[in-house]
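Heads up, there are several structures right after this.
Shared between the two complexes below is subunit A, which pairs with subunit B and subunit C, respectively.
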Partner chain A sequence: MTNEDAQGSTAEEAQSKKGLKKQQKEAEKAAKKAEKQAKLAAEQQGTEEDDFAKDQYGNSVMIQSQEKLDRELHRIQDLTPEKADKLIWLRARVHTSRAKGKQCFLVLRQQQFNVQALVAVGDRASKQMVKFAANVNKESIVDVEAVVKKVEQKIESCTQQEVELHVEKIFVVSQAEARLPLQLEDAARPEVEGDEDGRATVNQDTRLDNRVIDLRTTTSQAIFRLQAGVCMLFRETLTNKGFVEIQTPKIISAASEGGANVFTVSYFKTSAYLAQSPQLYKQMCICADFDKVFCVGPVFRAEDSNTHRHLTEFVGLDIEMAFNYHYHEVIDSITETMVQIFKGLRDRFQTEIQAVNKQYPSEPFRFLEPTLRLEYTEGVAMLRQAGVEMGDEDDLSTPNEKLLGRLVKEKYDTDFYVLDKYPLSVRPFYTMPDPSNPKYSNSYDMFMRGEEILSGAQRVHDAQLLTERAVHHQIDLEKIKAYIDSFRYGAPPHGGGGIGLERVCMLYLGLHNIRQTSMFPRDPKRLTP
Partner chain B sequence: MALKELSSLEKFLGLKKPNKYSTQGDNKVPVLQTNSGPAVGLLTVCSHLVKEAKRPELLGTSAEHRALVQQWLEYRTTKVDGCSREEAKTVLKDLNLYLQDKVYLAGHCFTLADALMYYGLHPLVVELAVQEKEQHVNVTRWFDHMQHYPGLRHHLPPVVVLRNRVYTSGHH
Partner chain C sequence: MSMYQVKPIYEGGIKIDLPTCMYTLPNVHQLQAASSCSSEHAPQNGAADPEVRALEARQDEIMRKLFELKAVVDGLAKTVATPDADLDLTVSSCLGSPSPTAACTFSGTADLDVLLGKDMGALRDIVINANPARPPLTLLVLHGLLCQRYRVLSAVHVHSSVASVPPQLLSCLGPRHADGYARNLFQLGFTLIWKDVPKLQMKFSVRNMCPIEGEANVARFLFRLLSPGPSDAAPATLVDSLVDTAFFQLAEGGAKEQAAALRALNAALGRHVWLAGSELSLADVACYCCAVQSGAAASAPANVQRWIKACENLGYFSRAKLQ
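This part shows the complex of A and B:
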């Protein structure tokens, strides 16, 4: 035999040795796999066999109104120790679910209320049912039948602290996707500077992009319920004062506040504008003998401002009324209404205010009765005393407004006040000039926490004076002909003002960004959702 | 600017005859001709004026005190003069911490350090908003004390300091 041959044969031997080893390994693997499969099969058989609770849980068919079930679904907020040992049905969202051995703890949530629920292996629930419950995705909507049980130790983390539910049936009515764009717990977490744990919070853009989920937090629910309260109190108070609610057109032919910040829309063969305020129509209603009117509706301002307090579309709460002899009658009416709103919020919406404060702590809103009214010149004097340099007829810049708010708060202990008799030069053309001093006007602004919420005035109700003022402001008379005409057939002296709903809510609650109080905010950079 | 400051200092020190100053270089460093030669630079000139007025205690009473006064004089010309907005923030923050438990910058009495730091800090403090003045409460207190010190404030407009706090803690 040659060396090659010898090598060849050893190689063969080696190969066969390797081959043997390989074969052995593969055989082992196969054996293991077979064992596993057999085990699984046995288990599965076992599970199928043992699942006595098969009909007590699962995914419901989509509710397409197939049947009218005569079943009462309870509210979580009504679950108290009085209902102990009662078997009830309820529909709620799965807020959290946590499996622990033979038990699964769920927190079920309805709006601001939540309750602990327990699925435990026993004679009612099988192992498979507990597993199913633990795997239901967060935010899914479930129908649950459970027994209300009183608990010995208070459950601090839920709103319903004295009871928990022992679940007998659980069905998923609407499943949420496993990956949520934001976690509700993160969205409801207060932002603390320098938090060592580094727990996540959600930034504003993410919230606004996924508004549907963000609005589910207790804080959001509270904010918008309070906002609804403001509208309700506004209507209630004014209706009780004899005001009539009117609706004004939003598609108009001429820009009411000036041409710069107005949205243009195409109107068949021509163009029209979206109303910047219901100003002109409110006044025409007064000339039409409605005496005292208010309206609640959208206001559109095409201001390219990306600030914490500007939106391109917001809800305006506007008031206009005829008065007898002095425009202070109007100021008094408006401030009384505002005070009624503040009182109403304080007395009837305290739960909501506390819920918001949990995430966004702030000082309670303070106001005086009767409302504090300062003259513009007094405000300027206070600012000068604090070192601010400004002219007598200068408008207040935003930082100066805020500083004046702090000075007034420190001196008078109020977050709400009126600044009366603004300089004429900084007000719109339809503002009535001050009879005793041509440099000033019968106009006023109202402030909450140092930020302006209302601009108002006595209006010019004389067609001739109105024309003069319009000419002085270089406004095209043709464009406002209809408006001026309404004063030619007898018009009473009148005045009014308008507030922004979102701004009032933001400032009342001490929040810092108007997007928090606008459900689906509109600004120069946001058109959706 | 330096010349106005020197003239104010002369008035404060009670020097009857105002000196004639010249300036040197692009930075307009003040120069005073004295019997023992030219005194060049703000600090040198000021020290000379203090000696001229026979008020050596304004430069410090003990060796340690004198060193502290010198330190603050140097701080004035190196850190305060010509600083940017960012640097000014740091200066005010550091000073606020330092002045937490002190009435005067060096020791327990008024010294040249207080005078020159007051002159030097004026352009920074005059720009501060009410809220910032409240944030740097110790600097504001010291500054208000200095601007009311008899005879010190001549060429500088007074800065308004409010009696009461207007911004409660936690205000945004």
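This part shows the complex of A and C:
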């Protein structure tokens, strides 16, 4: 007992000794801090006394819509030499700031555009103002009044190369925290071979965890503007072709394509599934005489594959149309749409493409008009000539798809082509068999840079044949009864296909990961943000 | 790979003056001896031998074909000699249909399997990248000829490096194939891609063959598919040099060079009907197309004018009239 006591007391003593030391240290620290603060305050007071420009900078009060200023804010992209010597207001983010004695250079950014701004000690700006400007945290939003000046030498680092701003007033509208989880310059640093001079890069997960900041980079801005462009062009082209946009339900009662990769959600007292594709609903619209339809919406795949090109939720651009006599009418419609999209991107989104290329260099996307159509047997023959061993009716493996893409590119110099007439055995049960050769089918895949982006076919529109095909594939007829029944009341011959928006963007830009073209990607390992 | 031909050292039908002092025996070296014997016997039996009748029928058939051929050649000769004359009905029907008679203009036969290798199930597709600023007229004419000989799948594409292409260049290989063709039914693919290339380019088998550059060289390649060309070295060289004249002097040369080239052609055409002799050859196709394209045809001397008219009377040369 006593022994223990003694031990306890010694321990206590030791603790208190340590504690004392700690306390002392803390006290010292606090004193130092106080001293510093006092010094700072004194300094500030001192400065405030002789600061003639104190009304021209500062933290503005939080804008709660107190007043509506009649003040025109300019856009950075409009700052051209024509605006020289004008006094303007603008709101922008502080991209970088660099103080140099009596001068402070800021780079102000609006989305992908930026301009150099200069705060220099002179008759309009005081020393304190320059100091304030230099201490504004990166990524803060500021209101700036400045004179536009032409520059002698082009400013290579900014998008507005011919002008700079001479700041007269600067107010911080929203202050960013001093420590950013990632630096924008690091996130926008071009991909180079090898880790030369050990410059910081930001890895994919950090980017995705802090997507808000990552999305501010010029590259991300350009990628998602281009993605919006793809959607817009898709809608525009198809609407002009007489297609009707439809909306389909995403919560469905039965799996539409096989049962393996479907998400189950609880639905009141039963369970439901998330739609893997709008397949069934598109086809029902055709049977309901909409003739040509398309839809843009999310599709869900519960595939546990962590690859560069799989997401569990992505945006599907789906097309379905009735045709007259031959399913090549459908292929032609789809390829024409794709070519229109490619042309539109090439002609209207060149600045975005250039911006992405700066960080992720890639060859420009090449295509042919009308689109090249090869047949599956030809593809297999080309692969065999290149030394690949495969059977006539084997499906193409991913490496073989890539190899075929390279072979086609070499010969025809196109990044986009159609492979027609797939073997029937590798396609879903609702695919129409080829009339002249029962081993093959009226189905097709489309490829961009050797990766599949669309898979489609002429669908069986005859309930009898559909039942036969389903039985052949050993599918429970009860489960697809509703699907088969929709063809019992007269159905026009039809076909279609579905495109993944993210894949199209990724492959058009020659990026290497689909997460770069999905704003908030969902994969087996990521559910946030 | 064929080799050059050598003249036989001795000819079969040498007449030998045999001595008449002895009785004659049938020649033991002559194979026909036995059969002629039996045919001599046949009439004696009274009934005509079926073999002989078959032989007679064959001979009649050959004679009939020869007469037909003669008529066709006469017709052709007429159009050549008198350029204004319309094509005879027989001739035009011959040229219009993909029958072997149409291609008979070119001697020799060509087998695609031998020339281009086995197809292994894939369409043998010849891809030509051409700049729309300089349409390859020669190749368009040759395409027309290929279509007469083979089942050709023709396709015209526009590459993304070219903003737009005039409509006549899109239809230069004839109307687009109707929907639903099966590609494996064709013997040969002819894919023309309008692309921003400095020099015309042809790709066939990218793994075994480097691209062929220049319109003249591609024309030579395509013409080999129609006929192996003259087997003798001298005329082959003549054709080759005329093709070079066409592309370097008529098409790309200055006014002086053009005039000189036209004079040379004029002289050659004074000696023969066609540039390289009595048969139409690649030289005619190339020179005609280059002359038309460069506009040199307008100020050509008399023989050349006559020859141009003669070319124009052949249906497939109309492909060269794009502009």
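Quick note on the criterion: the second predicted complex is superposed on the first by the 480 of 529 C-alpha atoms of A that agree within 3 Å, B and C clash if a C-alpha of one lies under 4 Å from a C-alpha of the other, contacts with A are read in each partner's own complex, and residues count from 1 in each chain.
By our rule, a contact is a pair of C-beta atoms (placed from the backbone, for glycine too) under 8 Å apart; a residue touches a chain by one contact, two chains touch by 3 or more.
Please read all numbers here as calculations on a predicted model, not as lab measurements.
Peer 1: Just to be sure I read the superposition right, which of the two partners does A:407 touch: subunit B = first, subunit C = second, or both, or neither?
Peer 2: In the superposition, A:407 contacts both subunit B and subunit C.
Peer 1: Let me test your reading of the model: by the given contact rule, A:385 touches which partner, first (subunit B), second (subunit C), both or neither?
Peer 2: both
Peer 1: For A:329 in the superposed arrangement: first (subunit B), second (subunit C), both or neither?
Peer 2: Only subunit C; A:329 stays clear of subunit B.
Peer 1: Looking at A:375 after the superposition, I want to know if it touches subunit B, subunit C, both of them or none. Which is it: first, second, both, neither?
Peer 2: After superposition on chain A, A:375 lies in contact with subunit C alone.
Peer 1: Of the two partner chains, subunit B (first) and subunit C (second), which one does A:342 touch, if any: first, second, both, or neither?
Peer 2: Second partner only.
Peer 1: Which partner, once the models are overlaid, touches more of subunit A's residues, subunit C or subunit B?
Peer 2: Counting residues of subunit A touched by each partner, the higher count goes to C.
Peer 1: If we overlay the two complexes on their shared chain A, which of subunit B and subunit C does A:512 touch? Say first, second, both or neither.
Peer 2: Touch partner of A:512: subunit B, not subunit C.
Peer 1: So, A:363: does it touch subunit B (first), subunit C (second), both, or neither?
Peer 2: So A:363 only meets subunit B here.
Peer 1: After superposition on the shared chain, which partner residues are touched by A:436: those of subunit B (first), subunit C (second), both, or neither?
Peer 2: A:436 sits against subunit C, while subunit B stays out of touch.
Peer 1: Which partner does A:399 contact after superposing on A: first (subunit B), second (subunit C), both, neither?
Peer 2: first
Peer 1: Residues on subunit A in contact with subunit B in one complex and with subunit C in the other?
Peer 2: 385-386, 407, 410
Peer 1: Which positions of subunit C touch subunit A when the two form their complex?
Peer 2: 119-123, 125, 127, 129, 157-161, 179-180, 182-184, 191, 193, 195, 203, 205-207
Peer 1: Which residues of subunit A touch subunit B in the complex?
Peer 2: 363, 385-387, 399, 403, 406-407, 409-410, 512
Peer 1: Can you list the residues on subunit B that touch subunit A in the complex?
Peer 2: Result: residues 129-131, 159-160, 162, 164-168, 171-172 of subunit B touch subunit A.
Peer 1: Spell out the part of subunit A that touches subunit C in their complex, as residue ranges.
Peer 2: Touch list, subunit A to subunit C: 325-326, 328-329, 332, 342-343, 346, 364-370, 372-375, 377-378, 380-382, 384-386, 407, 410-414, 436.
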